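What follows is a set of notes on a single structure, which appears directly below.
Every chain is named by a letter (A, B and C) in the order it is written, and numbering of its residues begins at 1.
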Amino acid sequence: MSFDHVALLPAYLAAATAVAAFLADLIAPGRGSAVAGVTAVGALATGVVAILVGRGPVRRTFCSADCSYVADHRAALVAALFAALTLAVVALSVPVPRLGEYYFLLGCAMTGGVVLGYAGDLITLIVALETLTLPLYILVALKRGTVDAAVTFFIVSVVSTAVALLGAALLYAGTGAVHFGRLVAALETGHRLPLTTAGVVLLLAGLSFKVAAVPFHAWAPPAYDGAPLPVAAFLSTASKLGGVIAILYVALDALRPAYDIVAPTIAVLAVLSMTVGNLVALRQDRMVRLLAWSSVAQAGYILAPLAARVPGAAGAAATLGYTFLYLVLELGAFGAVIALRGDDDGGAIADYAGAVRRAPWAAGALALALVGLAGLPPGLAGLFAKVVVVRALLATGTGWLAVVVALNAVLGLAYYLRAAATLFAPTPAAARTRVPWPVAAALVGATVAAVVVGFAPQLVLAATQP
Amino acid sequence: MNGVLAGALPAVPLLVALVGLLLPLRARRTAAALGIAGAAVALADAVALAARVKSPTTGGWRLVDFGGGLVVHVSYLLTPAAAVVAVAVGTVALAVQVYSVSYLHDDGRYPPYAAQVSLFTAAMLLVVVSGDLILLLVGWEVMGICSYLLIGHDRTLPEAPAAAVKAFVVTRLGDVGFLLGIALLALAGHSFDVATAGARPATIPALLLLAGVAGKSAQFPLHTWLPDAMAGPTPISALIHAATMVAAGVYVVARLYGVFTPVALAVLGVIAAVTMLLGALAATAQLDIKRVLAWSTVSQVAYMAGGLAVGVPAAALFHLLTHAAFKALLFLAAGAVIHAVGSNLMTRMGGLRAAMPVTFWSMTVGLGALAGLPPLSGFFSKDQILAGAWGAVRHAGPAPRWVAVVVLLAGLATVAVTGWYATRLWLRVFFGPLLGAAHDPPALMGWPIILLAVPSALLGLVVQFAGTFPGLDWLSIGALLLAVAGGAGAWRLWRRGADAVPAVLANAFYLDDVQDALVVRPTLALASAVRRADESLVDGAVEGTGGGALGLGALVARWHRAALPRAATAVLGGALLIGIAAIVLVGLR
Amino acid sequence: MTWVLVAVLAVPAVGAVFRSRAVAAGAAAIAFLLSVALATGRSDGGLTGPIRPWHQLDVSWVPGLNLRFHLGVDGISYPLVVLTTLLTLLCCVYLLWTDGDGTLAALLLVIEVGIVGVFLALDLVLFFVFFEIVLLPMYAVIAGWGGAGRRPAARKFVLYTLFGSVLLLVGVFVVVSRAGTADLVVLSAQHMLPADTQLAAFILLSIAFAVKSPLWPLHTWLPDAHTEAPTVGSVILAGVLLKMGTYGLLRVAVGVLPDGARRVAPVLGVLAVTAILVGGLVCLAQTELKRLIAYSSVGHMGFVLLGIATLTATGFEAALIGNVAHGIITGLLFFLAGAIKDRTHTGDLSELGGLRETAPYLSGILGYAAIASLGLPGLAGFWGEAFAVIAALRRGGPLWTVLAVLAALGGALAAAYFLRLLYRVTHGAARPAVVGIGEPVPGELVAWAPLVVLALAVGLVPALVLGVAQTAVQVMAP
């Protein structure tokens, strides 16, 4: 068996980043910024190499009958995204001294994400996803007094993984295949057993835990709120991206012939997620909880295009496009929260009153991100994100879901706007908040990206086209 | 040239009005001069037109195209009748402008007042000359708003604002019909042209137009605003009653006479008959001198309407002109009396004959004309209407014969009642004991009165000798006898020092209260109900949706406060349930 | 002239950045002049469809979303564009003269960009984008500078109107995904959608526009928003923001989906007349000055919607001029109501009274505006209302005749409630609240005078508005 090391290069680099972070911490204990620098360089290199590899021809490796590792254009995009998100989260983490293993764990999680993009079979996919998630249990628990949240996260996660594995096992039992291509072939030709149906649904259900889709979302709000803010940012961006990619691959690559089961399952998940997420978010008075519940709702929008009756590239492109725009905005929101509040705690929404006087740029960025997440100008990126989803749904004749998405946007605006308006609430003048430069850089990066893709969404749409 | 003159007729007073509205409140003299000049130019213009126009002439240009042939023009349609009415309007307007300078000499807001009178004049002249229905409607409604503004002018009278609102709202209600009538006429003929549209008989549009006419001309059942409108300054009453507002309705029916089918004329005839008696009877029981005159207007305009109904529009216009003269005279003279006595109430008047000779003689001419005594103008014009009705009874006119009978009987009865209330007013104001010092008005008020006395006295004779109308017959003599009988009755009662003021007449058959109970209060109650419904049901649904979402959010949030074991169980259970559901559903398919 | 189309959007957008009253007023003035200049060099460019823009600009923006930056101006949009730039200019001048806030002026400019964009957009998706731009700045204007209950009112405004615009989004893409193009010029020329799609899309779009217009029963955001908004906010809101709804209904919903329009028109007509009557009756029982004017807007926009619902050229022209007249007159009314509330600190009709004793000029202008608003012939408000009624009669048949009669009665109601308003506010003895209040200051007069003049000018010469629109309307409705 020969390995295509070029195709594997991004995965190597990601793993190397984790190892380097670990070693750097050993060599220079207590020098947090050096470790962070090493991690950042590693993440950057991973991303760049992923893109370079992706520009070449499609490469496959770990092949038997079919390949477990496929380095195509889409995989490169996913890997680069994970690297970029890791880089941003590292930047957001720098100002506060971390335990040595912090960056190592981030690197590990990134490795999982990068490999996930290249996954060509269910086993690789689930393992990569677990690699992405496992370090997060520890990262969430890093903050004092939040073990409860971490344990909930852990237990629910284990249950979900079990469900996903059960689903994969049932599928294997029904079809004898784990590779995407062969699953398609088997499902197309063979008679479909009830067992297969259950396998499809359970697999999707297990995976939807990662995107915090309802009803597999309960872990997210306490975990986000309990985690250090950069970790929460990672959870709501990279971890969610992992779930989205997993579902996308499974739904479109592996289970395409079973789309008559996939579509309604995802539709149920999407509708529940956006509705429940938005409704509960209405009642949140802590900033991070609000973002957490809103990200539950966003998961619903993300999944919605996949609920079209016919599996299609359009739906996948819409999901990817929306995800990308969401990541940019969500990162901007967390970056701004960190810039305003420091590392530890998002605090109550009421604490943000008058933030625009203390830190006009950061507060402006937060407002832009929130409004963007709500999908309104001046957050044009968010507006186009909604347009992408609705358009995809209507193009595939899933009009009812488009209406549900649209109405949920109204619910969403209610709380996003409440948070955004608080920033501008009149308060007595206060001292300016100082924002550390790495945080500022990450925030500027995210905000500029949001503005750029707001005016030129074609960049995203072109990148996500199949 | 006719076009220029026709255009200038409304345009000059309009420009004067616009300039006047922009004057500062102190610029009293400028305002007065402007107002008088505007009215004088309009009068001169009208006289010139009356001399020039011998046959209908028309002209104008396109204003705007609303598609489907609905093109609105700025156009005029000049007829001899229009020119003559314009002369009457100009005369009364000039008299009012001059008279007001003195009557309102201590008014702090003279410029807007004078400007509004000019605007009023312009609007009436626009109605008179307009060759386009929409343009006519513009003048028609602008008159309404001017009446509103001027009736509410007096800031010391607490009832003035409400009377002003009532005047406009009641006439506006009638105008709903007027607009719809115009619209139907225009849609049927694909034109807003007065000459074209006015020549096509159509019952429903005619009836709709009548609603507007009843409002403007204070005909039953939309007459209720006119007596209240006495809250306006007296010259304004003269303007409204003599030459503008109330005359407009009659004039428009005459102008669009071709539209009125027998059915429409029958309705008009019944309205006229009811109104003339109603107005005259109510006039017998008023103590306020202006209210007597107001009710007399209601009744006299109904004569004109009756004339229209029985097919003698020329006679109706004749009565319009004589009425314009003597009613303006009566109001201005009454104003002089009020000015001298300091009250509107006839109980505070009496014996003014010696103290105010000019006013007395002018008023005598006016009341004589009103009562229809020869050779004063009202005798001839009223007679022509009665003769027309009699002619329609004998030979059948455009309206059914029974209508002519009704109009004739009501007309004759009204003659008697008119004689009664005219005499009553004359006696109560000028005879009997003098109640206090009084004197004739200053020149600026006196001259308009004297000048108006001339046509009031002579207009009938002139027209009669010009030979436009048939001569006199036994009907004239019968009517005269009735008038004298009415007067004699009033005289006998006055001699005994009695004054029967039956409450039902003083309150004009309580029609105000009926209107209040049937229209005003239900509308207001409906308004409150709709407001409540809008706030609690329609908006309540919206607020409820918002509150419901928040409540649901709280409920769902509460489910999430479960402890770890339950959460894990829920996830597992949820996954299983979904799996089973999928199997069952797919299995069923 | 193509550059003017861009400049008229770019100038206020750039002007907003400075957050200065003076710059805002300058930018608004330039935008106004530019918008007026759009009427020069008119030609139909050889187009034969219902939309024949005089000038247009068409560049690709986001092909992936069928979004093109396609702007154009024709006789239907031109009067509204000028109205928007004029009212914005007047508001900016008013702020400049009365110590307003620079940020508020900047927000007005952003709103201007959105509204003018809506009127100029010839691409459905672009139309939607501009439609959305207006929401948050208007929210900020109400929530930031409004009265005591501003926050709930602003929330209600933004959520309710977002509800409308998300349905617009769905409706737009129902059309775009079926037709394969978002070009309004093409879409209105070739009605390529099947009847059922047209019906569905029309219902979605008309709900969206009905919220914005607003049409009963989707109107309840309006009174709250108006009552709490600052003066300039109310002026823009009533003056031009509502017009996005009626313009959208005419240009997009009716223009692109004529079959759907034909099937839904009776419902729209009934609702429009209900709006007229409900608006009038509520006004009759209303006790708050700005709320009353807000409800009167519901009634007036009912006339505009009735005109559109008749689907006749007469109705469309009535709707167009009704739109413009309402913008002028209600803009003026809100300026005046703001002036009164700023001076007396109350909008309660029972606390006002006797204004003509203490401020005769202010009271006179209020009287003028109220009379114009009740649709007096000779002033701007008349044409739209009278010809909406005539258009309904022109449709004929029992339903439309009844609607015409009821609408005309609604017109009489307007007289009743406006005169009641004047009766309560201006007549009688001076109440304590109005004692010692000042007459209009020069800044106010400068802002009001153009509206006063326009109300008369459009009333006397409706061709000022309809002259440019006639061709555009008549090719639209045979």
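The rule is short, and it goes like this: a residue touches a chain if its C-beta (ideal position, glycine included) is under 8 Å from a C-beta of that chain, and two chains touch if they have at least 3 such contacts.
Note that the structure is predicted; figures quoted are calculated from it, not measured.
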Per Cα centroids, the chain farthest from chain B: A
Interface ranked first by C-beta contact pairs: B-C
Closest chain to the centre of mass proxy, which here is the mean CA position: C
Centroid spacing, where centroids are CA-atom means, of chain B and chain C in whole angstrom: 35
Centroid distance [mean C-alpha coordinates] between chain B and chain A, Å: 76
Distance from the mean Cα position of chain C to that of chain A, given in whole angstrom: 43
Residue numbers of chain C (touch at least two other chains): 159
Sequence positions of chain A contacting 2 or more other chains: 414
Set of chain B residues in contact with two or more other chains: 546
Complex interface listing, chain B residues touching chain C: 21, 25, 63-68, 70, 72, 109, 112, 134, 137-138, 140-142, 145, 148-149, 152, 155, 158, 160-162, 164-165, 168-169, 172-173, 175-176, 179-180, 183-184, 186-187, 523-524, 526-528, 530-531, 534, 538-539, 542, 546
Of chain B, residues touching chain A in the complex: 546, 549-550, 552-554, 556-557, 560, 562, 564, 567-568, 570-572, 574-575, 578-580, 582-583, 585-587
In the complex with chain B, residue positions of chain C that touch it: 156, 159-160, 216-217, 219-221, 278, 281-286, 312-314, 316-318, 356-357, 360, 364, 367, 371, 376-378, 382-383, 386-387, 389-390, 393-394, 404-405, 408-409, 411-412, 415-416, 419-420, 422-423, 427-428, 461-463, 466-467, 470, 473-474, 477
Residue ranges of chain C touching chain A (in the complex, touch as defined): 61-66, 114, 125, 128-129, 132-133, 135-136, 139-140, 143-144, 151, 155, 158-159, 162-163, 166-167, 169-170, 173-174, 176-177, 200
Residues of chain A defined as touching chain B within the complex: 148, 151-152, 155-156, 159-160, 163, 194, 197-198, 200-202, 205-206, 209, 215-216, 218-219, 221, 260-261, 264-265, 268, 276, 279-284, 411, 414
